[in-house]
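What follows is a short report on a single structure.
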């Protein structure tokens, strides 16, 4: 069976068989792990797995939720999403006219108003989160159609703050 | 509701209320913990809990199975069993004429035979487990009624090896 | 002194609690409503809730902290770093409440906490200064032009990189002044800023000092903390890779002179910029325990928190400068909840999984636990990982492997970035300066396609048999993948 | 040398793997069928199954180990401790297969591995010996009578307390000879035993030596390991609390003389008994890395496994005796799966929960993980916990708190017992001898009724809200306790 996994802006096509995994055009020998302790926390299921890939035991921590898998391997986290879910989540992502708050924070200043013409990279809103100020910039050029934030207000993660078209 | 917990050769009577626990005749103020990660492993459910008892936050690791609870508190493990289960488990315990293997091991030597009269403390069987020899001794005086082991054989944990009456 | 209230949170509160209990002192943790389940609460003997999540309503409320001390019977207060650690008014309030302040004299905090007074004091003590000046409303452009761009805007009350901005030219000055002022006001309740000449490719080198109330004042060598991002230290080490005996003598003499000028007691750090010609300039003095104190502890074997406690009790240090010996090399990195591939935007939320490294000469100062939710209200620092080695290369390799043994699932962290930084050949050659990250990591990506392919295979692989865990949730796509379905 | 096969399991295999990777070497783990999921397998780059659970069918099979090395491309073998570490035939087989043996010369192993030859060699080198003698079939009683009771029966091929028995009087001699012979045959495939005078209240003090192939041989100070049970060390520390400079000079000179007598290379330990008058006697030389090597690493800053690897590659140590410096005090305890309240009967089975301590100057060398099943086939050693401090009292308190931070649920362990041992006032006064446990802990119980009551309350307390975890099993009594029922 073929599964499409999205990671960042890439899509990997993975086909699992009894003892191999094809990832794009690469074939890996995979020895399935023994079951170990399973931890559930906040909707996630976490397993420590030793998966032998191409003869090398790889120790991974894997966290699963309905539509996402996080794999920690050799100190790096690989965050995967299944096709559709990822496309939804990425809706406000790279190159989009919808500028979203990447995490909850306080709006320090709003630098544009509806009707303004903005360039790619232009500063739109200054957010403060975890004691640091960060500037959200336009990812596309265009005209500001809506601003859903005001200075001093709070925004949730993923909230659309500015719409450009 | 009253629950009887057996620990070693003692029984504790515990009554829980919304914010207190009575253990025997002692009353403790208990603040219930927030839920945290739950790990399941080999039939056990494990939780890290910070339970505030008499105003002091106590950090415990609690493992539960159907009839047993293990509580690790300040580097000490308290192993509890609910009444009946514990009585069953304790059947071959202190002062019993049934001598059981405390863990799986190899029988090195059998020192008594059916019909032998034995004293309390007399060596009955030598077991080898985890590279160490250990001698199982009679907990009661009496006559050996049965011997369920032979030199060179393996015994399981809890198996009755010698019966004395 | 029998019971210490720790007016802080996170890894430093845990670390202080450990030192206290090792001296037979009981500890009182304070926590805001979102920190109820935090590791620093679990590490203490008592815990008192002091208010809602925002620091100004909890960790920065003097009365709440003093009330907590009274309630829990604490007779001393340790401030950790950040929050009230460099607030002279708080230190005085603690003392006026009849409690022992575990830190330097409030007057020393006050002088060194005002960056302008600190410059003046250090200058009078003969310590070399970076060219710079105060500003008032209206003269900023003129002063900046006189010093010459690039310049640095710094908070008068600041520290830790907050309320600080680099300005390359006059066009950027107004916005930088406004931003730094806002950050300073938010972090220190004092929005004053001043200007300083920006040195090119300097190293950040600082000297740890330690004094008692009996007149002993020693240095514990230097630390280099050049690998910074927006003036937040990322990697710290000791010794400084380019240190010489002669330079160390000059620099530690200058640090001790600055400390003596304010009758310093307890732990403190005198920060310098070291330029490529080997000249150094006073930057500021941090009148507290430093985040990066573990590397000094590794090489000297001196427990700085134990020393703070002894000094606060009025005991002599028990050793002098000649007893301080340095052994080997130590490196620390700061594990933060931030995304190095997205402008280091801070991250937050529940720690879904946490695996921390162990082994010889590896130290973890952790402020998180699996299941704990990293709040959005505080610093993104999650934990510090440090390693010691006989030499710098060994320490770096050991730390790199320890980082690879680490797993944090949940908030995005800089874990992989840290690995790449300390494995970078310029870092391994010791070629560090405050622009190191901008020069070598202008746009970092965790770019290991091979690992991603392996991870993808692992993501879909399930154990060979049932694990005994079942959930009542609808089966996820990961549980219905044909023959890989969970048995 | 590029790839090292580690012919061992448990914590030592993990520790060796860490050192190898820090030197850029890849590692090959071997495992028996019950160790498939063991931490030492996860710590390596490659892993090869070498047979069924019993050690004689896996970890003690020369051909299987050499095959694994060939299969996985290893060009060197590290034996750890135990198993084949002191087996000269195995060391020679490794060398004859063209692989590098990471350990002392096989001839040194052979001589020191034969306790009788070792006594003779040490005696010729001028090292004081405990009165003792060989026996043959039939003359045991006569020899024992001549030495005088109490005596000790020891395995000629032995080590680590296996095949050893104390005999108080002639009546116990036959059974002791038989038991020791059986244990020795089982552990070392050599059932020969000999007799030694049993000293009263001696301390076990040993000297770590380290040599290279260029003629450098140094000592790294002593360790005291008097707290033993049935000749298995339980607590180890350095320095020895009663050590003086003069005694250390005499003892380390003796140790170096013994090592030189067998042209020693790599790490080795010369064990002595130190009596109450300050006289010491040669016990044996262990020609391997010692379990308790971390305490020496703490105080000297010398990584013994790194040193073994360098020496095996033919490199010089790079330092001499005068470069070896000692700092502070370190104590280690051995966490074992055994029940100290039931004659230390070994325990086994799955690790249901594991929480290991962390923090400054605390080290955990762990061979277990949550979910791993401790096999019945091997040593009960689970992990080693050690702490360093500026002085002995600090190290002891730090280690005690680290033990209290530890949790192991599943097999019964000696964790609480260890806490009570290192908190015992006789231990804290440094009044240790090989009969310490028998004298002070003849029948230990974890007797804290107050804690049991608190634990009972916690046992029945459930979190305030659902945790999101559900199981398909029938509700247990703990889930149906009235209002405490899981929501």
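Letters A, B, C and D name the chains as they come in the text, with residue numbers starting at 1 for each one.
One rule holds in what follows: a contact is a pair of C-beta atoms (placed from the backbone, for glycine too) under 8 Å apart; a residue touches a chain by one contact, two chains touch by 3 or more.
Note that the structure is predicted; figures quoted are calculated from it, not measured.
Enquirer: Can you name the chains that touch chain B as well as chain D?
Expert: Touching chain B as well as chain D, we find A, C.
Enquirer: How many Å are there between the centre of chain A and the centre of chain B, using C-alpha atoms for each centre?
Expert: Result: the chain centres lie 49 Å from each other.
Enquirer: In angstrom, rounded to a whole number, how far apart do the mean CA points of chain C and chain D lie?
Expert: Going by mean C-alpha positions, chain C sits 38 Å from chain D.
Enquirer: Among all residues of chain A, which ones touch two or more of the remaining chains?
Expert: Only 33-34, 36-42, 46, 48 qualify.
Enquirer: Hey, what residues on chain D touch two or more of the other chains?
Expert: Expected reply: 370-371, 467-469, 471.
Enquirer: In graph terms, with chains as vertices and touches as edges, which category applies: line, ring, star, complete, or other?
Expert: Contact map by chain: complete.
Enquirer: Using the touch definition up top, name the residues of chain A that touch chain B in the complex.
Expert: Its residues touching chain B are 36-41, 46.
Enquirer: Please output the residues of chain D touching chain C within their complex, sorted ascending.
Expert: Answer in residue numbers: 14-15, 18-19, 21-22, 24, 294, 297, 301-303, 306, 325, 327-328, 356, 358-361, 363-366, 388, 390, 394, 397-398, 401, 469-472.
Enquirer: Which residues of chain C touch chain B once you look at their complex with the stated criterion?
Expert: Residues of chain C touching chain B: 29, 36-37, 41-42, 44-47, 369-371, 467-469.
Enquirer: Can you check the complex and tell me which residues of chain B touch chain D?
Expert: Interface residues on the chain B side: 1, 3, 5, 7, 10, 12, 14, 16, 18, 21, 23-24, 26, 28, 30, 32-42, 44-49, 51, 53, 58, 60-67, 69-78, 80, 82, 102-105, 108, 126, 128-134.
Enquirer: Sort out for me which residues of chain A touch chain D in the complex.
Expert: Its residues touching chain D are 33-34, 36-37, 40-43, 48, 50, 52, 55-57, 59.
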